[in-house]
Amino acid sequence: LEVPLLFEEGSYEKAGVDLPQPSGTKSRLGDQGAEHAPHLPAFTEPQAMRHFVRLSQKNYAIDMGIFPLGSCTMKHNPRLNEKMARLPGFADLHPLAPEKTAQGALALIHELQDWLCELTGMPAVAMSPKAGAHGELCGMMAIRAAIVAKGEEKTRTRVLVPESAHGTNPATAVQCGFTVDKLPGTEDGRVDLEAMKAKLGDDVAAIMVTNPNTCGLFERDIRAMADAVHEAGGYFYCDGANFNAIVGKARPGDLGVDAMHINLHKTFSTPHGGGGPGSGPTVLSDALAPFAPIPAVVKEGETFRLIEQEEGDFADSFGRMVAFHGQMGMFVRALSYMLSHGADGLRKVGEDSVLNANYVRVRLAEEMTQGYPGPCMHEALFSDKWLKDTGVGTLDFAKAMIDEGFHPMTMYFPLVVSGAMLIEPTETESKASLDEFCDSLLGLAKAAKAGETERFKNAPYFAPRSRLDETKAARQPKLRWVEPEEGAMAAE
Amino acid sequence: LEVPLLFEEGSYEKAGVDLPQPSGTKSRLGDQGAEHAPHLPAFTEPQAMRHFVRLSQKNYAIDMGIFPLGSCTMKHNPRLNEKMARLPGFADLHPLAPEKTAQGALALIHELQDWLCELTGMPAVAMSPKAGAHGELCGMMAIRAAIVAKGEEKTRTRVLVPESAHGTNPATAVQCGFTVDKLPGTEDGRVDLEAMKAKLGDDVAAIMVTNPNTCGLFERDIRAMADAVHEAGGYFYCDGANFNAIVGKARPGDLGVDAMHINLHKTFSTPHGGGGPGSGPTVLSDALAPFAPIPAVVKEGETFRLIEQEEGDFADSFGRMVAFHGQMGMFVRALSYMLSHGADGLRKVGEDSVLNANYVRVRLAEEMTQGYPGPCMHEALFSDKWLKDTGVGTLDFAKAMIDEGFHPMTMYFPLVVSGAMLIEPTETESKASLDEFCDSLLGLAKAAKAGETERFKNAPYFAPRSRLDETKAARQPKLRWVEPEEGAMAAE
Amino acid sequence: MRYLPLTDADRQAMLATVGVETIDDLFSDVPKDALNPDLKLPDHKGEFEVERHLSAYAKKNHAAGDGPFFAGCGAYRHHVPATVDHIIQRSEFLTAYTPYQPEIAQGTLQYLFEFQSQVAELTGMEVANASMYDGSTATAEAALMARRITKRNKVVMAGGLHPHYAEVVRTNEELIGDTVLQAPATPGAGAVLDMIDDETSCVIVQSPDVFGFLRDLEGITEKAHARGALVVAVVTEAVSLGLLKSPGSQGVDIVVGEGQSIGNALNFGGPYLGLFAARQKHIRHMPGRLCGETVDADGRRGFVLTLSTREQHIRRDKATSNICTNSGLCALAFTVHMSLMGGKGLREVATLSHESACKTADALEAIDGVEVLNDTFFNEFTVRLPKNASQVVDSLAEQGIIAGVPGGRLWPGREETENLLIIAATELTQDSDIKALASALRAAV
Amino acid sequence: MRYLPLTDADRQAMLATVGVETIDDLFSDVPKDALNPDLKLPDHKGEFEVERHLSAYAKKNHAAGDGPFFAGCGAYRHHVPATVDHIIQRSEFLTAYTPYQPEIAQGTLQYLFEFQSQVAELTGMEVANASMYDGSTATAEAALMARRITKRNKVVMAGGLHPHYAEVVRTNEELIGDTVLQAPATPGAGAVLDMIDDETSCVIVQSPDVFGFLRDLEGITEKAHARGALVVAVVTEAVSLGLLKSPGSQGVDIVVGEGQSIGNALNFGGPYLGLFAARQKHIRHMPGRLCGETVDADGRRGFVLTLSTREQHIRRDKATSNICTNSGLCALAFTVHMSLMGGKGLREVATLSHESACKTADALEAIDGVEVLNDTFFNEFTVRLPKNASQVVDSLAEQGIIAGVPGGRLWPGREETENLLIIAATELTQDSDIKALASALRAAV
């Protein structure tokens, strides 16, 4: 069923809201009033409902099936969390409401801070970052501020980033005024410790390492790496995108990390919502804590306070990185999730996510080539070696998965493996679900090897759309609706 | 995607709830305690979510498309109503809470009573009936009580019901101890007034007439019918299933009706919910009001009271027909809808529903045969004459509609027309939606006439299931899941 | 008029297509003087105005969650997981129609099949229907079903049957001239046995009964069956089925019940969920909708509404009942909640509820002048106070405590029960609630 | 552990398949002494226990709807139709991933395209992106974009720019060594014109500004363009776009804004919705996600994320920004609400909001010692009180009235603004609220 655009279906006459009559008070707009309403059509309520429900049915979602996306931790989103976030005491609370009238909200943020610090073994956490990449920015800004405080900002400008890193890492480093230097990996998919040491020096501001890394492996040498960078006068930024694998099992603070963002929308189950909003609190070591951004929530006696300026413990803060105090709606959801799981449950989260990934790894290895040997953490990496000479590529294989009822895995990332396929099942998949998934993929793999290329070349066949022309989209960008002809506007 | 049964997917070990540990208090169950938990499997929460979301995707719903069902008024269900019904003051209120602690709820019921009385022009309304058929029962019980009060219960036992009536009418009459006598219709699809008069007599308790009737027509002679039955000492029960056509436009109380149920889940937009719950308040004339059931809400000064026994104005009540006081959840939704529309909006509801039906009637009459000539009310009736010799029947045609993305219309009802197709679009369909629907049906009609029987014979082809074997279901009833083999139970 | 998509231009164009000039030309069959009545009702309101209006009503009520809460008697406040409400609000369930077109209604049909299976297992019966309006109407329907099966015209009800249920049975049965007898409503008494005779179509027994006592269904069944009568067991607190012997295991013929307490809110009395289970041999006498398993034309398993020849839309004046609606969405809520709990989880909820009630009883027994009457109970019991219980309940309500249901509420004007207070507890009852009740009650008596 | 489907039996079987004995064998790369730390955190809790815990926090806050409410300054309380929340809670939207696989994400992609179209029209610009974190970060990104386009390193901000926004710009710009200047934050003053020079990459102007004044964007644009600088217009109250001349019509180059007030709740500051619109010619310099129209292999219209070569996952250290998340669900809420209103409905909401503010200003002007500073405003204005406004706000809060945002909150420790109170109203402001505010304020000053 095709769904026209709002602009094709809507009306400029009727609307889906009813409002009281204005009283005709004299305007105080000066000369800034517009003569006409914005030229935007409306739906009545039944039309809007059907429009968006029909649109929704063209989406795939975690509530429908597995989302085996590496580095994205698409786990079950409990509805309790949605309910809690909608309590009027949280949802209908103004960010600049007087402190006394928001003590419950501040207390909640403070409790969440405690959980995040305890789970990561870190002494401090900055709550305001709005997403993972924003959390990275926070961490790197804190590192930059620490370097400035030491008067080394002119010299310490280089940041070491592994080849396998998320794209946000180098982008963030640059956004903080650093230059990026690539770190090579070892044959077993980890950072090459010796090569890293060789790159260290007075000009190195930090290393940015993901752990577990994007190959789904735990950086065995993480402490040695931390020691080395500290010794060289730099800092250790850890990308926390893969924290799900070790939550409850190991703490970055015990491993020498100076800063790490936490994706509440990955590890702590706040919904992805089709690409946002996220939330990326950043934990900080003692070395970086003084530079944490404002605002911040602190407890003084029985009262919770919101520090909104550089004062007291926050005198050296690097400043404000966002209006207001972060993603409260996500904080409520994340704390709801943490309380539900508890320490015992969170440890099981880490364990089951790793177990599920290894189970998938072993089962799929029957037909597919593992990226690196040995067990993995919470995601299993495969290369496209096994597809060699089949005429089927990683993309084709992934698109064929759509016809089997699955969302494709992460493809062509990390870049260090040829035609990478990165699969993260998460702990909220049942064994039955994993078996269904593996059976289906093994079937597809056999078909690819058996030369059934038709099944792959133009896949998907059973989706709302076949493959889309991305080149056309980029070459002739059409980013908004435009009235097709002059005549149509006369109707208004 | 196939969805296994809970019993095939679930586990006897894990569950989707976490509960505190019992404290081990000494049981006071005597010898009535069971040794084991009931043998029912559970889902963890992610499994449950996926199970039911996937199931839901096998349904058609008003939020997805038009539901052109005659006599069923499947209109848009505003979400405001859902939100209002869930306010803790309504949803979390116990039916036996002290009167003083439920004044808001009683006031709401009282306001709804006022709306229903004013919209129908009737002096009284019984709120407790739980559904349309229950409302019919209420009306007929009141009639029976009135007859008993006159000492005529032995003689007045016959109820006249048109051939075209809903099945609930005769069933209800019988459930009240009456016998049913069929009323013939005229050639123009209405009750034959003269034939009815001929059937009247001392033994007639009531007539039960639907207006607008099930052929989608207004009973022109309604006042004459009312006068005649009243003169004969009987009562006029009006089936209110089709009230949507005349809401705001005409009032049963102005036309001589003694009792009529109102389907809040039709006219007043409370959701059908896959077949319930409904709500069927029944308005009553002065003649029947004294016999109304308890409980009832009355206002005394500034206080609202719940009458729970036969006392005062309710001394002659026919008694209680349900525990507690009716479908509060539906009352909130219905009042929310009424307030939103107001008197002006409700009149437009009647008008637009009739206009939409006539538009569909005229457009489809291009290919299909109207059941009766002339304009209709809020539903358009067609016979299968136009399908003669095509080899396609009403059922085939309706099932082919599924492949076009529509829910079939009401088929083979009313019985007075051969192969009836009854279409009620409701006022919440846009012109664009009606055009899409009509275009599609006209296309199908042409296909049928052109001899494309394959398109119909085994339709639907594009639904989650093809035609189901209803005979097998009835001959070998399998009404519950049964463990397939003994071995499987050993797992527990 | 945000729910009405037609624009004025649409209306004009459509009238032209239809071939009339004004909308009222389509209403020409309505008597002129009755057309377009002057309604003394306000005009349309915006969404936030409606919200304000209704929220003001809501705020005038004392919600069960607003303080210590001990009311039961057929409606119980248990916790309902957020998942339940999310699922029943899915458009595809909420705004679906009765599943008469099974090809595009397998979602509804499959959960009804799961619901029937769960209810059958919980009640210990062979089959269950797809739900009724509520427990009380299900009870009345059970009596009518027993009448059809036994062809007898006398219903006998135990004294502990919820008085509202008894009234509903009476209203329905007396309408068709049947005899309805009820044993005296007295805590602990079981005089019903002596009332069963050869004309009895069925005996209706509630357990736990309205006073909270657990009844020996086996003994009653033995006696009834000996006289050719059926036994209808009534369960008003579905959670009790998680901890008690099932009625089916005790030989009864029909089990009816109120399913509200699993998955559904209190809702001031409705919508609720009637449970109805019976023996396989009686299915053609059962009222209500039934969902059955079958196959489609391609041999795939599927579900349909079945045995509809019992129903009014086919059978008209020969139907088993006039019912044409079930409580579909409430049944879905039940099924989802039950699926999350499983038998094990239900037993845990039942155990916690029982323990809460035991603790409450212990606390109240310690009060001078308060006497707990029950030897056995599940999560509800009855105390005798030294004074009128309605007055005590009202006075505690002013302190924000809903103390339970007073006898005077259920049996108005009856002296023997006016000092009785029926008290229920669930897993949501906190120790602090019990303390508050006990201390307020101590002060009030 | 209701969110974890694996049973112990599953775990055993899977460990066996994997070929290890214990789960910790899979964690062998973790330093032994760091494995399985002893966490000082409580164990898992049931759903109703979590609800109690969090509800207790919620109850300790004074919600905006609990009484008269006049706070704004970048976050506004408008009515959000119930339909909006229903749709954003649809599983298919709520639990979907970033639409990188367009074949099975057309739902998300199409609404993003609709969102972009709406934002472009409202701002009067040619293109808009698929949303940013919030208004303040969008403003910072706009400054960085202007830097990329003009290759200049000096940002000039008007004095009426929300101080939080200004701080965010400063934090980001100073990090890379750029110069950031802001005119003094004084109601009514417009000293920014004199600060524009040939090194200015952009001028950032908010209108309505933080004090509520409506700014002449046309004049500023003229001056800036003459110097080769771009103009970034900031809108912190999206509803104002329904009634005011669009920034685009006044010639600005980039429009950023906070979209919260359409479709989204106050949420104590987040999640919010950054709006970002620009001229067509600059699209390749724009940050954030973009959705574009294209066709599929069968020639059908479809939508994809496009121009991703600007983005970090392709471009890495050469990306336009490090952003990899938008505010998808908040954008959906915006789109649904905007679709229900249309331009006409938005204008009505804006008009009612303006009228509420006018009435409030009238009522406060009548109070001795209270001075309304604005000659123009939309739905927010500033008054000067004869005393410290923070103290007044605190004292009114104790009476249940949120009187607005005191100057001391936005500019801590700055004497010139500490007596200022910034007051906002919307269509939800009732006459009784205005009366309550006026009378409490009269008593307090």
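By letter and in written order, the chains are A, B, C and D; residue numbering begins at 1 in each of them.
Throughout what follows, contacts are C-beta pairs under 8 Å (C-beta built on N, C-alpha and C of every residue); 3 or more make two chains touch, one makes a residue touch a chain.
Here's who's who by UniProt: A, B = glycine dehydrogenase (aminomethyl-transferring); C, D = Probable glycine dehydrogenase (decarboxylating) subunit 1.
This one's a predicted model, so the numbers in the text were calculated from it and none came from an experiment.
For the pairs A-C and B-C, the larger set of C-beta contacts lies at B-C. Think of it this way: of B-C, A-C or B-D, only one pair shares over half of the A-D contact pairs by residue number, and it is B-C. Centre-to-centre spacing of chain B and chain D amounts to 46 Å, using the average Cα coordinate of each chain.
Taking each chain's centre as the mean of its C-alpha atoms, chain B lies 19 Å from chain C.
A separation of 47 Å divides the Cα centre of chain C from that of chain D.
Residue positions of chain D with contacts to 2 or more other chains are 1-7, 44-45, 47, 49, 51, 81-83, 85-86, 89-91, 340, 427. Residue numbers of chain A whose C-beta contacts span two or more other chains: 11, 13, 15-20, 44-47, 49, 53, 57, 63-64, 75-76, 78-80, 82-83, 340, 428-430. Residues of chain C that touch chain D in their complex: 2, 47-48, 51, 79, 81-82, 86, 89-91, 340, 427-428. Against chain C, in their complex, chain A makes its touches with residues 11, 13-20, 44-47, 49, 53, 78-80, 82-83. Only residues 1, 9, 18, 44-47, 49-50, 53-54, 57, 63-65, 75-76, 78-79, 340, 405, 428-430, 432 of chain A touch chain B when the two sit together in their complex.
Those residues of chain C that touch chain A in the complex are listed here as 1-9, 44-47, 49, 81-83, 85-86, 91.
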